[in-house]
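What follows is a pair of complexes built around chain A, which joins chain B in one and chain C in the other.
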Partner chain A sequence: MEKNKFGKILAVAQNVLNECIRHKVLNILFVFALALIGGSLLIEELSPGAQGRTLINVGYANMEIFGFLTLMLSIFIMTFEEVEMRNLWLSLTKPISRSSYLLGKFLGITFVLLLTIAVMSIIIMGIAFFGRISLNLNYILIVYSMTLGLLLTIAFTLAFISIATNLTTGLIFSSFVFLIGHLTEHLKAIIENPLTSEAVKVALFIVYYITPNFSIFNLKDKAYMVDGRFDLSYILLITLYAAVYTFISLLIGTRAFKKKEL
Partner chain B sequence: MNAIEVKNLKKTYISGHFWNRKRAVALCGVDLKIKEKEVFGLLGLNGAGKTTLIKIMTGLVFPTFGSASILGKPAGDVQTRKEMAYLPEMPYFPRYLTPLEILDFYARLYEVPRKNRKEIISVALLKVGLYEKKNIKLKEFSKGMLQKVGIAQLLLNDAKVFFLDEPTYGLDPLATKQMRDIILELKKAGKTIFLNTHQVSEVKQICDRIGILNKGRLISEAEVKNIKGSIESYFVKKVADDGKE
Partner chain C sequence: MTLKSCLILGFSLLFLIVTTVTIGNSTFYGKNFKSFPFKESKKDPFYVFLSSISGFRILVSDFLWMDAVQYLGDLENGKENYKQIYPKARDIITLDPNFTYPYIAVSGILFFELNEKDKAIEFIKYGIEQNPNYWQLSLYLAAYTYSKDDNLRMVVLNIKSAIKQENHPPMLERILGSIYLKLAKKEPKNKDFWMGEAIKLWAEMYEHPSEPENRVYAEEKLRKAGILKN
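And then the complex of A and B:
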């Protein structure tokens, strides 16, 4: 039985956060701010009437992309130093189980992601404030659901990296899953199309059910449609969905990591 | 009780895809017993399997066959690792952290209580002569200085068994002497030390007993005091004799 398990997980998480900050991963936020401010000026020129909604949509879409970039960059930096530079040898010969180490890494990258999202939300609120665009509380739910999707992405990326023989393969594969996960509705349409061959249908059917459906986390397109009100049972459902997928991904990741030779 | 016990240990690395599997035998049936408080030096040419043996004992890779135990517990076990310390050949550290931060991280993994942590880290840094540089980022450190940080992390948990893989690699003569003094100090304190090296000169001054690993097999074991002539000639003879067989 591993003693002080949570303390060790927290130590790894703090170390990950510390390293990511030192590696200037959060500089990505400056790019986000510049992109958003530039975008808001352009939108003001192009469509003065629809400025508010367009700006918010652009802001939240950018937030997801930059959140994804942040977590991929964090995972890349951490894993590159650990595996390619062999930092991991020293950490894993200390009395910490591999599952605790992986959970610590997940928690650490989650900290980085939450920090990034918090700063990006403040930037969006700042732009909305100065542009006199009203934001209601439902935007918290938009950010919340987006964060769920990104947390799930951290978990399956760590799982892929633990399974893959090299870092690049793991990152490419998880980026591919992230992309496919955003297109699951289109996959469904292709499966239901009578012109699709049976073999393709079976292959897509498997992909459809294995790949997490990221479109369910996309609430930003619905913010205006439902008059600023979301069904709380839907929020609970997507929370459960993300929790189950994250749990399964971490379980697969820890199993693979335990068997990995360094 | 033996501090380290290795029984019929075999390791084969498998690489490539299933249609093009490649096998490389690193260890083929190693048996070894190291007593408590003993300093054991493992000698071998490059690629003899020395690092693989140390990696199995520290839990970084897993044996294909056989077993290894440390202080009676399975090698690689979390509880076993609490009582051992390991210095890899050419240790690497996160480049943007400082010695103080990385040692604090390792101390936390060793469950060193918060109230003692600062003092233990300071003592370790003083011992390796890096106390003044404790707040400088590791990316600014030379190879030798990084090796010293590696040595400092050995001293955090009052380990009973030490695994040192080429501990003087990259060190200048002064730092090599410092390293040797630290090992001798550990020996004096009754620690068990497993030393991997191909620096034969080191062995005579530090080790009680040596083993020679060649092509994954332990071809010889001997007490240092019983070796007639230089260890270097003993080593060369044993490896050459093994090549003839």
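And then the complex of A and C:
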């Protein structure tokens, strides 16, 4: 690793974070808070007997949706400014390699995401506290697994943008992968179905093994199936899974970004 | 055509195939659950499938519960004797079999309000099967079986299963003791057996009381039975 490389990555990351704050990406949190607090008042009335559970489930869903929106918005803003406003040319005139730049961008967007998730978690905890809803360790594990899934989304979105000819194509592709990634658990059942034709099986087989399996990060749909808390070995396994996929995505992304004509 | 364009085209085609095939095979999800909820499920299995793949299965079941509550709140639906409540409840538990409140609420409505006792019992039994550690369901089943055909043996069975759970209310143990006494009176042939069961229960309550009141109660009963002496 070249000297001071990590410092350069951090500098890019800090710049990304500052830019996202400057562009008011974090305003999304106000919408989140409003949706959740407003929703909690409605749920109180509409869901007798299951208010606490519904409120927390709405919180999880909002957290995932708003987290996804935050990262997509951050990537869009950053990449748009780089390409359309030629900011990237200015950055790359400095002694910084393209791979460091991409890694810095990944780290910066990760910071934005973590900040957003942290604030959203606190809002949910506040609502749970005032609503006298008990949250256990599962809450932290669900948020953690959700964050892993979103981190992986950042990595492959950056990889797609580096490969794709333009920003919109990259974002659309990554959204596709995000959607297909949630399907993978069900794809296996379709592959095993004897009625599925061979050609389709092959196509699905490729998709099944190439796209990341996002359903493994979806602990919120399994929360009521466990007594006590989630198995820690499973949490370690999904952490490893996310780390490997993120590494591969970033590797592909940096290779593509190095060769990309700007 | 460049390699990149070919890749993009290929990926789009693959996505199209995956979507088509997945939608076409949506019933497989239903097949996995066909044993109970799908027989009379009101919603199409595709609806269930979609909520599952979107990653918001539990949330959709919460929304369906809200819908069911609104249905019950509308007096107009009373004219048709709230006949849709059962299929609605089945939809909810299809999505989340561990959502315990609909089992209690809907079985209660079916049993006491709509006089569909067998349906209510079948529904709560399914709930117990899915949530064996949730003692309230066993208690409700005990109440239904007693109310339906005065079946005290079933009540005993269900209360015994409820008090096995750590968080059961201590009062249940005292109720079980009273039911043993009632059974001893009701079945003179098995009087010794039921009295033996009652004494075993009180001895356990006396030795390991789940609350101080239970120990006092057990002590009093054991003295009355002549087991404990001054």
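In the analysis below, the second predicted complex is superposed on the first by the 259 of 262 C-alpha atoms of A that agree within 3 Å, B and C clash if a C-alpha of one lies under 4 Å from a C-alpha of the other, contacts with A are read in each partner's own complex, and residues count from 1 in each chain.
We adopt the following convention: a residue touches a chain if its C-beta (ideal position, glycine included) is under 8 Å from a C-beta of that chain, and two chains touch if they have at least 3 such contacts.
Just so it is clear, the structure is predicted and the values come from calculations on it, not from any experiment.
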item: Most chain A residues touched (candidates chain B, chain C); value: C
item: Partner chain(s) touched by A:L46 [first = chain B, second = chain C, both, neither]; value: second
item: First, second, both or neither for A:M125, with chain B first and chain C second; value: neither
item: Touched partner set for A:L92, first chain B, second chain C, both or neither; value: first
item: First (chain B), second (chain C), both or neither touched by A:T169; value: second
item: Touched partner set for A:A35, first chain B, second chain C, both or neither; value: neither
item: Set intersection of chain A contacts, chain C complex versus chain B complex; value: none
item: Touch list for chain B against partner chain A, complex; value: 55, 58-62, 78-79, 81-82, 84, 86, 88, 91-97, 101, 105-106, 108-111, 137, 150, 153
item: Complex contact set, residues of chain C against chain A; value: 4, 8, 11, 14-15, 17-18, 21-22, 25, 28-29, 32, 49, 52-59, 62, 65-66, 69-70, 96, 98-99, 101, 104-105, 133
item: Chain B-facing residues of chain A, complex; value: 2-4, 7-8, 11, 14-15, 18-19, 22-23, 81, 85-87, 89-97, 259, 261-262
item: Residues of chain A defined as touching chain C within the complex; value: 43, 46-50, 53-54, 57-58, 60-61, 64, 163-165, 169, 173, 176, 180, 182-183, 186-187, 189-190, 193, 196, 200, 203-204, 206-207, 214-215, 218, 220-221, 223-225, 227
